[in-house]
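Here come two complexes built around chain A, the first alongside chain B, the second alongside chain C.
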Partner chain A sequence: MATTKVPEVRDITRIERIGAHSHIRGLGLDDALEPRQVSQGMVGQLASRRAAGVILEMIKDGHIAGRAVLIAGQPGTGKTAIAMGIAQSLGLDTPFTALAGSEIFSLEMSKTEALSQAFRKAIGVRIKEETEIIEGEVVEIQIDRPATGTGSKVGKLTLKTTEMETIYDLGNKMIDSLSKEKVQAGDVITIDKATGKISKLGRSFTRARDYDAMGAQTQFVQCPEGELQKRKEVVHTVSLHEIDVINSRTQGFLALFSGDTGEIKSEVREQINAKVCEWREEGKAEIIPGVLFIDEVHMLDMECFSFLNRALESDLSPVLIMATNRGITRIRGTNYQSPHGIPIDLLDRLLIIATSPYTEKETKQILKIRCEEEDVELSEEAHTVLTRIGMETSLRYAIQLISTAGLVCRKRKGTEVQVEDIKRVYSLFLDEARSSQYMKEYQDSFLFNETQSAAMDTS
Partner chain B sequence: MDSVSKQALEYLTEVEEAAEDVLSTKQQIVDLDMKRNRNREALHALKHEMPDEEKVKVCFGNMFIKFSKSKTQEMIQKDQEQLEKEINDLRRELKAKVKCLNDTEGKPELRGYNLSPLSADELKAVNSLLKR
Partner chain C sequence: MAVHSWIDVLKLSKKTALVHDGKRKIHYLLTDGRELAEEYDLKTDELIVRKWRHKSPLGGQSSWQVEVGETLDFTASFDSDGIKESSSNPVFMRKDTKSSFQWRIRNLPYPKDVFSVSVVPSDRCVIIKTSNKKYYKKFSIPDLDRSQLPLDGSALSFTHANNTLIVSYKKPKEILSLEQELLKELKKLKGTAEGDVDCKTQ
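Our next item is the complex of A and B:
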């Protein structure tokens, strides 16, 4: 055999960057859904966390689908944190898709296509795979080669588990795949009964001392228990979007080259829907409505909102969670004003959770949690100073100062961030209020200063 | 014994019984599979290592009886089918019993295991998704 199989090396250590909400582990509720003051990275916002907890329970039980929730509040009051908390407590099996409102505007894809892909990413389909396998430790392989050198080989394979031992007679094909996998006595292998595929699980512990030196990738496993011929059942959860993608790929190879999916024809989606519904009726699939989270939802325009209205009515619809920090503002794409920049008819369908600004105590607690997350040690005074900064400017600015102050501290070879470090970064980096103050003072010396009178137009 | 410890004892007995039930079913499957493998070996030996006209000695309990080869093969074949069926039934029962055990222990039930499996063709269609 000329082809050698490159061993698959799986990297287990995942490099996790420290994100703005990486300290959130859940919603911080107890079993009775009562929020704890500080838990799982969440601080304060008791009422909104409780509300989120109620919705979370309903999602977990699968009672609600096609509902929408709006988290509304001032900037820096933990809207995204609550959404992340919901995502963390949903568990691995429930799909959670997050996107920012502005992400849907792209040249390659229409807005509604991007939205429907996001919707379908948030719906999971649970399916089961069932295979009959023979699993055992190889006791002996005996291969008889014909004396002439050509012709069919015959052989015997003895396999055992902790309970039994048996001999299999081997045909030509099996002998080939055994030697291809380099199976030898002492290996634990599985043979797929339907396809005859052999895979090596590792070497048996009892044979660990057979050789003195062994490659680093040699895995030792226990001799399998129980019967030799087992039934293996694996339950997979895939999203509707993933099924869409492979099915649109088999039809057009364009998608393969552009890297991502491009647009998916509505006929493909309809076919998939029909198939999945058929599977569900036959008891072959379960549908898990997941969660779609749209941050900065005021960035969507009128067309998107009407699409959302329509999409929520479909029977394959996830739970939609939106977050916005806008008050009464213009709906994008129209000249109408509306609360949160969301049309009244959509607003009417939403469950609205409000978040309120953090108190000083809560701010202090959040800064402490962030310090732990970013591995920065803060002295007591520096902590108090930082809390004041957080209250007077914004929580986000104070959080930014943590890592920068940490760097300054490390540069002077200190172990704990002192008030001086905070002062230094405070003078180095402007907060929003000081920055606008500076602008007002030196406006005349900036470029294009004649446009000062025109109001800023965000759309 | 006060009522609380009595209740606890009753509960524990219930759990133990359910667990015992699961274990004995598992052991039964193992025993049947062992028999199945022995039959398979015997069938193979009959097919390849014996001349057709010779009679074979078959062991029943503690007695050997001479039988014709074709007749023996037929008998073992029938036995195999029976075993196959029994194992399948036991596996189905096992699922219900594990569920029952999980219930009495207050553990969440396994999700999705009551689904019926996808057919081979359907699996092939979604295979690239599953082998990640």
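Our next item is the complex of A and C:
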């Protein structure tokens, strides 16, 4: 008998994955900008964190435009972590744009265009706009899923105020976001009609029962009055780039077909700059300079660097943070050598923060934080062994071993990672140094061996 | 004085007229950048459609906002992803007659004594309420606002038949004379009979 397999319907609630820097929650400074040894996921690097804190204050102030900071240091010393820490402590309202140096090289867009777009993404404009919102208490929410598990869902949402009641038809996206927000009957919600953004205001008082189990953060609110649909003035932050895009689109019905915007004309940008300055003088808008973070900045070439020189002079430019792990090296696009692969004239404009290699104690602490983040329990000896590995090979390699060792441990039905598990993954996966060693020993038996070595000789 | 200022605004605007499909269609481009489109019946000179469009502060163009006539909601078919009112809900539209402003709300299957319609002069609006808490609507009369005329509760009346609530407000004589004057002005505009007209909308 053939049983048709019904695919399991899984709603995307919130997928949280663990990234390389997801343990960073801030810079870990106290009010006097003094760094704490271990705080908010940050360990050690006291001097550079303090420096980053000063920069952070400058960004929050928002008066200084076009400053640039370079974070330089060896691989795996927390350069990206510091940048992420700055981003986290800035909060949601300040734009933070991160890109890697190699991202700007594209066939569809010139390098300088990609850089100017990145610059303009990092400048926010807070502006009042009137939008239509629906505000009401959920009476009923009904979602019909097709029996096969695939295909589009249809739904109905009944909302009410103290005066009226309306039924709404729901599309797929709206159903997804409603189930993501876990909206149920009795909740008071607002829906932004233009963007479809849902926010829960709380639960209605009329639904409050004495014996209901409620989270501590559940708020009770009154059922809204009057009409369901209202026009409200909301303040929101848009980036200069978004304003550029709105104004550069082909008007009329052609706008439906033009998906990507490509390059934006400089006249459009100038017009918008003038308009934004006008708004600011009239008090209609507020400019929030944000942060542009360029990782692996040595990947930029000479043209980009000279563009940066010029772009930093504009009073509408964000604070630029760059990171590099190179020493004295060739500037891309030239034959000149320069520190960090950055021309001297640009280096002259930079404040440079240096990071230094972690000590054994700090490495141990970082590994502990990562274990918590990745939900792996480590025995004391295993921890010491892993720290040794981290010191002798690299911190990144040691971090890689955490979750792999965790898996090995789980397969043998253990609860705590022992030294054996670490040993096992250490033998399974080579680190960089052992891999190079292996290469040297068995170079002759690899493919393209002869051509490779010839090329090596000439360089 | 105030009555005249509105008609002066219209007179100063750039007008394009077009006679098509038994309707006289007029497009105004006001001096402040707003666009106004009106359609009149050729035989009876009744206003069929009046809609507005303005530039959003960020520079994008908003969709047409219908003041009089039926809302043609063809955009809804493009994004079925979002949220829209179910077709079983009451539909609110304005449809004027010669002598009064009139609003029709369809899909209201409740008896007449449920409804109450009143004028709130302080907010300059009319409120429709239902005692069974199913429908509530607060709306202003833009014609009166533009001419800065007061709202009068005695001019308001309503009837209910065939699941439709009809609210009427008798036009004051200032509005009637203004409309006469405007109509005379519009008839002087010679419109292209057929086909596309290039109007400066951008």
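Heads up, the rule we're going with is that the second predicted complex is superposed on the first by the 320 of 459 C-alpha atoms of A that agree within 3 Å, B and C clash if a C-alpha of one lies under 4 Å from a C-alpha of the other, contacts with A are read in each partner's own complex, and residues count from 1 in each chain.
Following the convention adopted for this analysis, contacts are C-beta pairs under 8 Å (C-beta built on N, C-alpha and C of every residue); 3 or more make two chains touch, one makes a residue touch a chain.
All figures in this text were calculated on a predicted structure; none of them were measured in a lab.
After overlaying the two complexes on the shared chain, residue contacts for A:E286 are found with chain B alone; chain C is out of touch.
Of the two partner chains placed by superposition, chain B and chain C are both touched by A:I243. In the superposition on chain A, A:L157 makes contact with chain C only, while chain B stays out of contact range. When the two structures are aligned on the shared chain, A:D169 is found in touch with chain B and with chain C.
Applying the stated contact rule after C-alpha superposition, one finds that A:R231 touches chain B and leaves chain C untouched. In the superposed pair of complexes, A:I127 makes contact with chain B and with chain C alike. When the shared chain is aligned, no partner comes close enough to touch A:A311: not chain B, not chain C.
In the superposition on chain A, contact is made by A:K193 with chain C only, not with chain B. Where the contact sets of chain A with chain B and with chain C meet, they give residues 127, 129, 163-164, 166-167, 169, 226-227, 238, 242-243, 246, 284. Contacts from chain B toward chain A in the complex involve residues 26, 29-30, 32-34, 36-38, 40-41, 44, 48, 91, 111-118, 120, 122-123, 125-126, 128-130. Remark: chain C residues 56-61, 79-89, 129-130, 133-138, 202 touch chain A in the complex. Remark: chain A residues 127, 129, 134, 156-157, 160-174, 191, 193, 196, 226-227, 238, 242-243, 246-247, 249, 251, 272, 275, 284 touch chain C in the complex.
Residues 93, 126-130, 163-164, 166-167, 169, 194, 226-229, 231, 233-238, 242-243, 246, 279, 282-286 of chain A touch chain B in their complex.
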